[in-house]
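Please go over the structures that come below.
You will see chain A twice below: alongside chain B first, and alongside chain C after that.
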Partner chain A sequence: MKRETGDLEPLAPVPPSRNVEALRRLGLSAGLSALLVAVLAFLASSDPGSTLAGFFLSPFRARNAVPSMLEAAAPLAICALGALLAFKAGHFSLGGEGQLYAGAFMAAAAGAAVVPGPAGFLAAVLAGMAGGALVAAPAAAGKRWADADVLLTSFLVSQVALYTVDWAIGGPFRDTGNNLVAMPAIPAPSLLPRIMSPSTLTPAPLVALALAVGLWFFMSRTREGTMLSLYGRNPLFARLQGFPVGTLSWLPIVAGGAAHGLAGAFLALGSNGTAVRGMSGGLGWSAIGVTLIAGNEPLAVPFAALLFAWLDLGARQAAIISDLPPDAAMIVKALVIMAATARPLLRRLGGIMRGGRP
Partner chain B sequence: MQLLACSGIHKRFPSTGTQALAGADFFLEKGEVHALVGENGAGKSTLARVVCGLLEPDAGTLSVDGRPVRFRSHRDAERSGIGLVPQHSMLAPGLTVAENLALGHEPRRGLAFFDGRRAVYEAAMLADRFGFSVPPDARVSDLGPSGRREAEILRAVARGSRVLVLDEPTSILSEEESSRLFALIRRLKDAGTGIVYISHRAREILELADRVTVLRDGRTLATVGARQLDECSLAELIIPTGACASEGGSRGSAAEPVLEFRGAMTAGGAGLDLTVRSGEIVGVAALEGNSLDELEDLAAGVTVPGARQLFLRGRELHGDGRDAAARREVAYLPTDREGRGLSARSPARDNLLASRLRGYSPRAYAGRKRPREDAAGLAAAFGIRGDLSRPADALSGGNRQRLVAARELDGRPGLVIAANPAQGLDPAARASVFRRLLELREQGSAVLLLSQDPLDLAELADRSFILYRGRLSPIPPEGLQEGRLSSLLTGAFA
Partner chain C sequence: MKRTLVALAAVAALLASCQGRTPARDLASVAVFVPGVASGSPIYEMLVAGAEKAVAGIPGARLKVIEGGYDQSTWLDKLRDIAASGEFDLLVTSNPALPELCAKIAADWPELRFFIADGYLEGNPAIHTVLYNQAEQGYLVGYLAALVTMDRNPGGPLVAGLVAAQRYPTLDRLIQPGFEAGLKAVDPGFRLEYREIGNWYDANKAAELARSVFDAGARVILPIAGGAGLGVVSAATELDRSVVWFDGAGYQLGPDTVVGCATLAQDRLVEERVKALLEGKRLFGTADIVGAADGYVGFDPGGPAYAALPAELRLRFETAIQDLREGKPDFTLTGF
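Showing the complex of A and B:
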């Protein structure tokens, strides 16, 4: 790659591109995950051999395991892309969980109400996105009009949304004929099509991939993406440059909410076929971890989501065939996120120790 | 007798890939003021940090009193009698001057109690010996910039420093405060202290220094006796441009009002009335604490003006998002270059092109060829060195300054707000920025020049004002002549 310099600086090394750096970081995270799984297997299992085989091999051996992994990674990646957009604009939004759940609820309601078929599908998708955006809206408005702390407001509103949707699914919107606490089923013609029978794989992973490419293009190849990124790192600078800071202060939060809503809609329109109580299952939180592991680079997000999906599936498989606790995946994920977020700190400390500039 | 000698010093920063020093040499005699000069990024500060033990060199030797030394920390350097007076104060603001002096070497009463009275006495004795005027019992947070600088020097002297490294000591001092500091430096020099003096200001280097070492690209280019130099030849040594400082253009005739303050209120006092017209440079000078920063904030749109107090081409400015379109014709060189002039963690290229993003079609921007060419062209025109695809904060301080100037002074802005435009720039960069401001004036831009240095006004402004205790007063042309500047800033013309 040709370096763009203002003058000759022959001794400066060519830095790797941000995407290459993100993928390298992701590779390290995957390696670290494998190492941690091995350590856990030896510490917590009486039969480490079968635990390791369960963890590493079963997700690829079991029938439909790979499609399942892709299916699980899709909503995670979509949520992470939404979170990433808000992060890039400097808004640390923690409302993903509630936005996702509200999206699923709205999608299930619209999908069941509108004529089955493409119209029903489209209505469900749009309603899902609107649901997510609606839950994000108070934090966005608070930021826009009162410079409120997005971290706090998004989290609080999300909690309200979680309890409200819980109540709605278990109360007035409950399908009383169903054993699950769930809403009425969305008619089959309105659901996401299955593209690899007999697995439940839908086109959702392709949508996630397209969104990742789209977000990468937006951030690195459009004027608006550049403005958003400059704003995210210094809002005062952006204002003095005449950027539309009013819009930048709220739109990325709402758009991030809509992405979470879309992920919720895909959950409802996928194998669930409706909105089920508790279906968000921490996906909104995991998405933040995926964003961090992906180093805030859109193209790395699908791979980071796959890593998380593999950890979940591997832990489940290992728990079935050995005595590894099913929560092992949680522990590994937490440690990997910690390592990913602590790395810049460690690098900086290392630099200072070597006598370089902090 | 050589107090300090540096020979073949090399230093590379692996994290940024910058070779900051690549064979720097100089030696310092007893009782000598030795100036280190060079353009931004030449390696002056790095060499100073090596000398003071804040950085370990990769290669080369340091000797004190003819004996090779190796400093692993600043404390090692202090033990060898080398003291640093940093550009930005590192004193504990909540303590008194005497307490700061005693930190780490506290006089004790009994076994454990700090003997404050003795600390003040010792500080007073030392201050008296060298003629320091800073009161030892004053709290540092209550001192002005000049007092803090004196306290920093006093602290170094109290540590037994025989070599003092002064990094840009006058950068925040007024003319009068600088003169006091120079007198103090001369007394220290007479007492045998060796002074390493880092500065961009040619005039004070020529006034103070015995010898001048010129650094370029981390290497020593030459060491010259200061008496052999004048301002022009010194600037030429730092960067050979074939021309000395900017000549100062003809004063253009004023025309359409571009920026108008109509009774604009600052915390400092009465409402300000000021009009800047196209094709003229209006200068406002003030010392710190006289609301110059407030005037800058108002003009730049950082703070909200009162109703109907600020106008751009006759349209009222509100200090919020409603001004976004109007702001696009305003170029702003802020005093706070880092906080207002850069999104420092974003790529340098994005920072460089921020003001012209809207000028690209979506297709041209996505293609990246034109933006890259434009950024490289701007960087070359303003001498910005470094990888533009890396974050702006990976560039050296001087290159960041140039980046802001390059972006803001490119094109033909209707209004330029230049706040302390020469701050932190080497003489060549300063001359280049001043030349560009004069060109913009000739092309019809209105320029509001705000500066704590009246010499900037003398060089550039068509009309000049002094801001003293919140009031604007015009300065008669003779007021900008040398010798009258100090009285001017302290209100003699107000």
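Showing the complex of A and C:
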């Protein structure tokens, strides 16, 4: 039908701000998680009531539960912030797991070697960050000088790091007096101080929160952050604008690696008190899920990490007081990540079903 | 808004119903923490069986088995979760690595008590441990391995194998020295070929290492490798060699290959100690060591491959078992 002159196109609705969108995504993820947990409780447990109590009440009932949940969320959030920084620059780095593990290893080695106290703590943190950055460096160098695919190189180097650290912890760096495959204990004065016994809470969650605010400020309030974001969306445009694309092609990858290394250092300096073989435990992979659920928004990352920490703790508590398999949290997390990342597709399908155009 | 209120009310009702069903805290509530997977692991199957028998004999007592999986790095968190749940009075477990992890938990939850079999920690007022004298257990299978080697290959190389998952203090200080003492008690010229897998589950790697040990001239291998030990059995079966087994009856894994099984009476020990603790016996803070003399370390003669050994060999071995029970040789431990 021909439009008459003077007819105006209706204005498109104003899109919600990115933070509101991230919060909405988080809320939906939390709701979906709760729903999936309830379904799992009825499908996989012979005592759904206890399973639901384990998931929804136990993580908040015990005197140490909430602080311990905050502590568990901290390394996850720090890793996710590192991954997010790389993602914002357009580098889909999959090396987080190896970077975290290398960070834990380096921190345990430095923490045990340097004089106990603040110096030992600082040395462990710096060594951890250096370890993570070191594992990220080959992928960064490959991108900078050979335009290599970060997704592939970061994953491959991370796998090498995982095997190497496994070997080092179980071999030359092992504490042979320990029945666990672990490195020598870091002296207590060099560890993160516990601030709410019997929970494992340390200042690590505050560091994660500060990093989230810092990254938000950097990305949204500084010229360098804007450049990084524009480079991530369109490197050619960034180059034509005269941005330092050489630096932007590698620095976010290394900085992301350092963040993973910091998280690894906090794992070693926390309740473990050293590096134990296998302690990365999929955190690097979970962090990618946290980033996706947070919609790549730094301020939403701590909340997404908290959601994952609750799922882990809830599943473990449900396994203790009922018969739910402890790996149930993995299933829920996977489904939530799928749902969060499939939202644009679902929205489009919804549009089609309502009779709109595909 | 109305829909939100209805949803909130539904969630509140659900939570309230769940809380009603949460079991109340009992005076004798026992958690059995399996640091691995119970099924297929004789030592952990006996741990569970012993605890179940003990709890069955105490009116009002209840038991929950919680598997910790193979990832050692998660055990501390899982133990902390058990303590934090507030559901249990006594945590029962079994592994040499557990005493120090439980000591960390005990410091934060002083009301929780621990019984750890196959571990040693003295002086912690919340923890009772019992260590098996595994030097004696190693001696038994070493002695048998030496006899079988000399019988199968007279005049051949005096070599036996040990394929372990990883090095740990109990292996270094008890099992391996005991195994070597058993070999050398038969012939001082025996030599040990040692290989390390690096984990407790990789049966393929274990089989590969076992083949290299057999290539080095060994006729018999002792695997100390958990589930990975199956790889050693399959390699031995394939090459028509033999295996001596540890900790439980392993004959069914290779009826023609497993020539002997040194056993631990873990089910009996766990049953006795858990029952005593639930009855209020003051054992916490103490650490015991048990062995062949009191029947906790022994040998299972019920396998077809053992029965097929020459009668003279079996007689010599059974004499050695009897001598060990009488303290010859003497492996007395006063601490660990």
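Operating definition for what follows: the second predicted complex is superposed on the first by the 333 of 358 C-alpha atoms of A that agree within 3 Å, B and C clash if a C-alpha of one lies under 4 Å from a C-alpha of the other, contacts with A are read in each partner's own complex, and residues count from 1 in each chain.
In the analysis below, contacts are C-beta pairs under 8 Å (C-beta built on N, C-alpha and C of every residue); 3 or more make two chains touch, one makes a residue touch a chain.
All values derive from a computational prediction rather than experimental measurement.
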Report task. Have a look at where A:L52 lands relative to chain B and chain C in the superposition and call it first, second, both or neither. Result -> second
Query raised in the report: Once the shared chain is lined up, is A:T202 touching chain B (first), chain C (second), both, or neither of them?
Result: neither
Report task. Scan A:V245 for contacts with chain B and chain C and give back first, second, both or neither. Result -> first
Report task. Figure out whether A:G278 sits in contact with chain B (first) or chain C (second), or with both, or with neither. Result -> second
Query raised in the report: Looking at the overlay, what does A:Q99 touch: chain B (first), chain C (second), both, or neither?
Result: neither
Report task. Pick one for A:L180: touches chain B only (first), chain C only (second), both, or neither. Result -> second
Report task. Please work out whether A:S158 is in contact with chain B alone, chain C alone, both, or neither, and reply first, second, both or neither. Result -> neither
Query raised in the report: Where does A:N234 make contact in the superposed view: on chain B (first), on chain C (second), on both, or on neither?
Result: first
Query - Residues of chain A at both interfaces, chain B in one complex, chain C in the other - result: none
Report summary line: Per the touch rule above, chain A residues touching chain C in the complex are 34, 38, 47, 49-50, 52-53, 56-58, 62, 64-65, 68, 166-167, 170, 174, 176-182, 197-198, 200, 271-272, 276-279, 281, 313, 316-317, 319-321, 326
Query raised in the report: Any idea which chain B residues touch chain A in the complex?
Result: 12-19, 55-56, 300-302, 321, 324-325, 327-328, 330, 332, 334, 339-346, 349-351, 353-355, 357-358, 360, 362, 365-366, 368, 372, 375-376, 379-380, 382-390, 399
Report task. Write out the stretch or stretches of chain C touching chain A in their complex. Result -> 11, 14-15, 17-23, 31, 64, 66-67, 69, 71-78, 80-87, 95-97, 100-101, 104, 108-109, 166-170, 172, 198
Query raised in the report: Which of the residues in chain A end up touching chain B in this complex?
Result: 3-9, 11-13, 15, 217, 221-223, 226-227, 229-231, 233-234, 236-246, 351, 354-357
